[in-house]
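Two complexes come next, and they have one chain in common, chain A, joined by chain B in the first and chain C in the second.
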Partner chain A sequence: MRELIKKREFTLLLLIAVMLMLIVTQAPSFVSPENILRIINDTSILIMVSIGQFMVILTGGIDLSLASIIGFSGMAASMLNQYFPDLPVILILFAGMGIGTFLGLINGVLIAFGKVPPIITTLGTMSIFRGFTFVMSKGQWVTAHEMTESYMNIPHGSFLGLSNLIWAGVIVSLVMYYFMKYVRTGREIYAIGGNKVAALFVGVKENKINIIVYSLVGLLSGLAGVMWTARYAAAVNETAIGFELFTVAACVLGGVSIAGGSGTVVGVILGALFLGILTNALPVVHLSPFYQLGLQGVVILGAMIINTLSEKRNEKKLLNRRLQ
Partner chain B sequence: MKKILVILLVFMISATFTFAAGQKDAAEDSPLKIVLLVKSLGNGFFEAVADGGVEAAKELGNVESIYMGPSASTAEGQIEIIETLIAQQVDGIAISANDRDALIPVTKKAMKAGIKVMSFDSGIAVGGRIVDLVPSVEELIGRQQVQLIAELTDYKGQIGVVSATSQATNQNAWIDWMYEEFKDSKYKDMELVEVVYGDDASDKSYREAVALMQKYPGLTGIISPTTIGILAAAKAIEDEGMQGKVQLTGLGLPSEMQHYIENGTCVQMALWNPIDLGYTSTMILEALITGKVAGNEGDKIDCGRMGTIEIGKDGNAVMGTPFVFNKDNIAKFAAMF
Partner chain C sequence: MIMDRKKSEGSKSIVDKSRLVDESGLNSRIVSFVTKWEFILVVLLLLEIVVFSNLTPHFLNTFNLLNTTFTFSEKAILALPMIFIILSGDIDISVAGIMALSSFAMGYASSQGAGTGVLVLIGLCVGVIAGLFNGLLVTGLNMPAIAVTLASMTLFRGISQAILEDQAYTEYPEKFGYFGQGYIGDSMVPFELVLFLVLAVIMGFVLHKTTYGRKLYAIGNSSSAANFSGISVNKVRLTNFVLNGLFAGIAAVLLTSRIGSTRPNIATGFELEVITLVVLGGVSITGGKGNIFGVVLAIFLLGYLKFGMGLLNISAKVMIITTGALLIIAVLIPGFMDSTKARNKLKRQQNLETTEKNLNKGIDE
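On to the complex of A and B.
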């Protein structure tokens, strides 16, 4: 139990519980089972992509282009569906993921071999990918009428009472949890971010890790792109603009150090859920939209401070114990 | 050599004069040439404008409607076309301008040559045209949105608005007119409960629409006067299984909303219609050319099925309330824009 309390994830879980209780006083139906499922469904995309962002941040980098990758691969997949309605949707899903991976690979190669800092590389590709989305679509949208029923059903279809979108989130979470905890490459990602020099000495290849990490973000963003456009039955050119900052927020809330090297998949999932609950609750609470916007920032900052302080206290206790 | 050239030149000039004179004679009974000059060719929206021009020409009888446009939407391309139109001595040009200022010198030249020039859809600044026709005005748009949702909800219940961003000037002006319209006693059983902002992002608009339905159990309708908003709201209503219980209207593009209009999630919505723009422009030009009106402030022009249009200050004219799209006409318009 004591071990559990010390963990930052636990603090975040408590914060989520407190937030839910506060929301219930305002809107009692908010915690009904179907609404909880609705929120998890709504947050699944954020969870998937945030886990990708988490790996990048672990290495000490950041990916600002992932929202543009979501937009591009979502548009590409929707256009595939529009022009080849007979193409099986599973192929389109893989095509979307493939396109995303390729765009991520471009980031990875630029960072690994071009030696451009990640924040600059992805800032550049953020605009490039978004620009090419417009070029590819000629500014036109793909909407419900041009999509096939089976495409729109990719996230909506359900299995054992849960939507495919939730399943995708769950599967990504489990696979990535295992990958980061038990697979050698996953541990190497931690190593590079934790102590780069030491990692290089024991034979971790930095370039390889960078390429893997950015490609993986691309893959997850590609998946998210297909899910996003299918879910809203609309592929617009501005899909997901600004979403990259939400993924960074989810990571930091979940206890990922922006300097790299520390954080967990579970923490990121909780961070994303925290944001998901918040963005779903704010419109339901009777407040002017302007207060909502401000409140969103206050809550995120507040949670951040509480979370960091609790960790600091634990560290102090540990230090004291060691000194005694 | 020089002599031959001079003789040739004189011959050519006189030939041109005789030719022009011949044309003048023929013009007595030949139809008025009215050109609809659009931003670019190959755009469904403008092709519909051309259809409207042909419709008006048929009604008027004495008009030949000509549809023209550059291959790429540039001001240079339009200037070139206007130059040739001046040479051809057409009677009137209605322009959807690629640049509100760049066309002024050439349109002034056209007007000096006796050609009546007006702009529509995308206007030319004052001085470069006699009349500028805008599709609608804030008041008409806002009031019509309320009338549309009232028809759908049987004048009952709570109404929410899914807008774009909170700072969008046009959205806010329309919403102000919605509140104004709701003051009428026929809406006494209706209430505009909240305006939410989807920021023209599909995820936020969707979430806000869902929240409206959760927050107000008495919600009977949503108005979304923005293209992403109305799409996301339609999807939210569909996903929540509220079709028929929560009605939807707004401003949307037919090609984007066809699915939801055909399946009844959004029974009717509004937007200006390119056919009407082409039709009204041709009507106005005909009135200007034949001298029925001079194009001064306060002049009233009879525009057939579009009613009477009054020319306001600086030659600005307003076509009317936006066109309403529903199940019966959506397929036709979705193919255009």
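On to the complex of A and C.
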């Protein structure tokens, strides 16, 4: 029990509960099952992509290009749908994921074999991928009446009462939870971020890990791209601009150390949910949506400060125990 | 020969002389000069001028060349303190957020009837305070700069967005317009450009001729080693962040004055362009390596590249792709050259060792 309370995920869960209670005093209908599902539906894309960002941050890197990957693969999938309306949507979904994986692979190869620091690589490919999105679409949009009904139904269709988008989020979360906790490669990702030299000595291949991690981010972003364009029934060239920072924010909120090596999938999911609830609650409590950005800044900064202070206190406690 | 050998063995604890490679020859000097990143930047800049002036008659036009600096002077000014920050191993992605906050404060003050002098003062003060805020969080609580400035970026821009909503401040005193739109006297030289050059000289002096500058390199190479050698690392880093805030304030004054209005989305995306400029200028993102000449060259290279491509009617999207590609290449090529150089050196060392061994063998026999 004591272990549980000490855990960061528990604190975050508590914070979410407190926030929900505060909102409920203003608007009781906020915690109705339909609304909760709506919020989860809204946050699913953020959850999926944040888990990808989480893996990258674990290795000590950062991926600034994932929003551009979302934009590119979303546009590519929508254009496939526009020009080949007879193509089965499942193929388009896989095509979007494949394109995302390929773009992620480019990042991975540059980082692993080109030895370009991740922040530079992804800063560069962020512009490159976004630029090619414009070039590919010739600056045009793909709008709702150019998409087929079945394409737009990818996220909206439902199964067992939950939308496909929620299912996608749930499946990605479960798979990644298992992968990061019980699969050897997942543990190796932690190892590289925790202590690179030690990891290399026990035989972890850094290049392989980097390529896997960045390709996986690409895969998740590709999936997110298809979901995004289908959900809003429009593929614009600016899809998801600035989204990379939200994913980093979700990770930081979820207790992921930006220096790498620590954090959990559950924490990231809770961090993303926290942001999702915050965004959805603003209109309910009659705050102008213009407050969103500032509030997010305050919340993220506050969470980080609390995190750092509690870590420091723990270290002190450990030190004292050792001295005794 | 035997004496030499003994001598070198005697001093082996300091340096193994048999592994020293003579690099003072003209040939190796030329190679190391030509492969310098600043030299490559100069060549690229000259190449750019030659190519564009052949493609369009409007490129080599004094008025055009001077006037187009308006488009990149603010970013150029932001790049100067960013060199300090990145050199010492930090990063600041909140500069555009600081500009938004500072511009908002000036707009508010102006709507209350403040004069030009007061406006500038307010703009600079807000910048300094925001920089101090970042710096204290980074050094006081020992949090990573990228996380802190990511959060403060949303906070700073969020404040101006929360209050300004979808409105804009557009009323500024007439004199205030000089900073961003004015020219020096009757000449064609923009005030912004001159201000940038003056600041670049000052920052270059601080970086390359003062102890403060040397401290930056020391911290960037190994902050704990710097700490042990008596440098108050956190004080230097805090100063960097305050400087960065001040320069963001200056840039906010210039940009607000140039476009004559303040919206919450002012200067969006500047932070990444500024980091691109600094890295393209040869400053290592991991800190400890780089100089101000490279960055100034990179500023003009990129600025005139955009101008030239614009003259040729090349779409903005191609420019975005070019910038991104340049950024990656700017790190990829020097890294590749360094590893080739290191490999060559190793080969020569091994050759030296084998010839020496053969020589010794001959003497022994």
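Here, the second predicted complex is superposed on the first by the 296 of 324 C-alpha atoms of A that agree within 3 Å, B and C clash if a C-alpha of one lies under 4 Å from a C-alpha of the other, contacts with A are read in each partner's own complex, and residues count from 1 in each chain.
As a convention for this text, a residue touches a chain if its C-beta (ideal position, glycine included) is under 8 Å from a C-beta of that chain, and two chains touch if they have at least 3 such contacts.
All figures in this text were calculated on a predicted structure; none of them were measured in a lab.
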In the overlay, answer first, second, both or neither for which of chain B and chain C A:290 touches. both
Based on the superposed arrangement, let me know which partner A:203 touches: chain B (first), chain C (second), both, or neither? neither
Taking the superposition as given, does A:239 touch the first partner, chain B, the second, chain C, both, or neither? first
Please work out whether A:161 is in contact with chain B alone, chain C alone, both, or neither, and reply first, second, both or neither. neither
Regarding the shared-chain residue A:119, is it in contact with chain B (first), chain C (second), both, or neither? second
May I ask you to name which of chain B and chain C touches more residues of chain A? C
Return first, second, both or neither, reflecting whether A:33 touches chain B, chain C, both chains, or no partner chain. neither
In the overlay, answer first, second, both or neither for which of chain B and chain C A:143 touches. first
So the chain A residues that chain B and chain C both touch are 290
Per the touch rule above, chain A residues touching chain C in the complex are 62, 64, 110, 114-117, 119-121, 123-128, 130-132, 134-135, 139, 245, 248-249, 252, 258-259, 288, 290-298, 300-301, 304-305, 308-309
Residue numbers on chain A that touch chain B, as the complex places them: 27, 29, 35, 38, 42, 141, 143-145, 156, 228, 232-234, 236, 238-242, 279-280, 283-284, 286, 289-290
Listed in rising order, chain C residues that touch chain A in their complex are 91, 137, 141-144, 146-148, 150-159, 161-162, 164-166, 264, 272, 275-276, 279, 285-286, 315, 317-321, 323-328, 331-332, 335
Chain A partner, complex, touching residues on chain B are 166, 196-197, 200-203, 206-208, 210-212, 214-215, 228, 231-232, 234-235, 239, 255-260, 262, 334
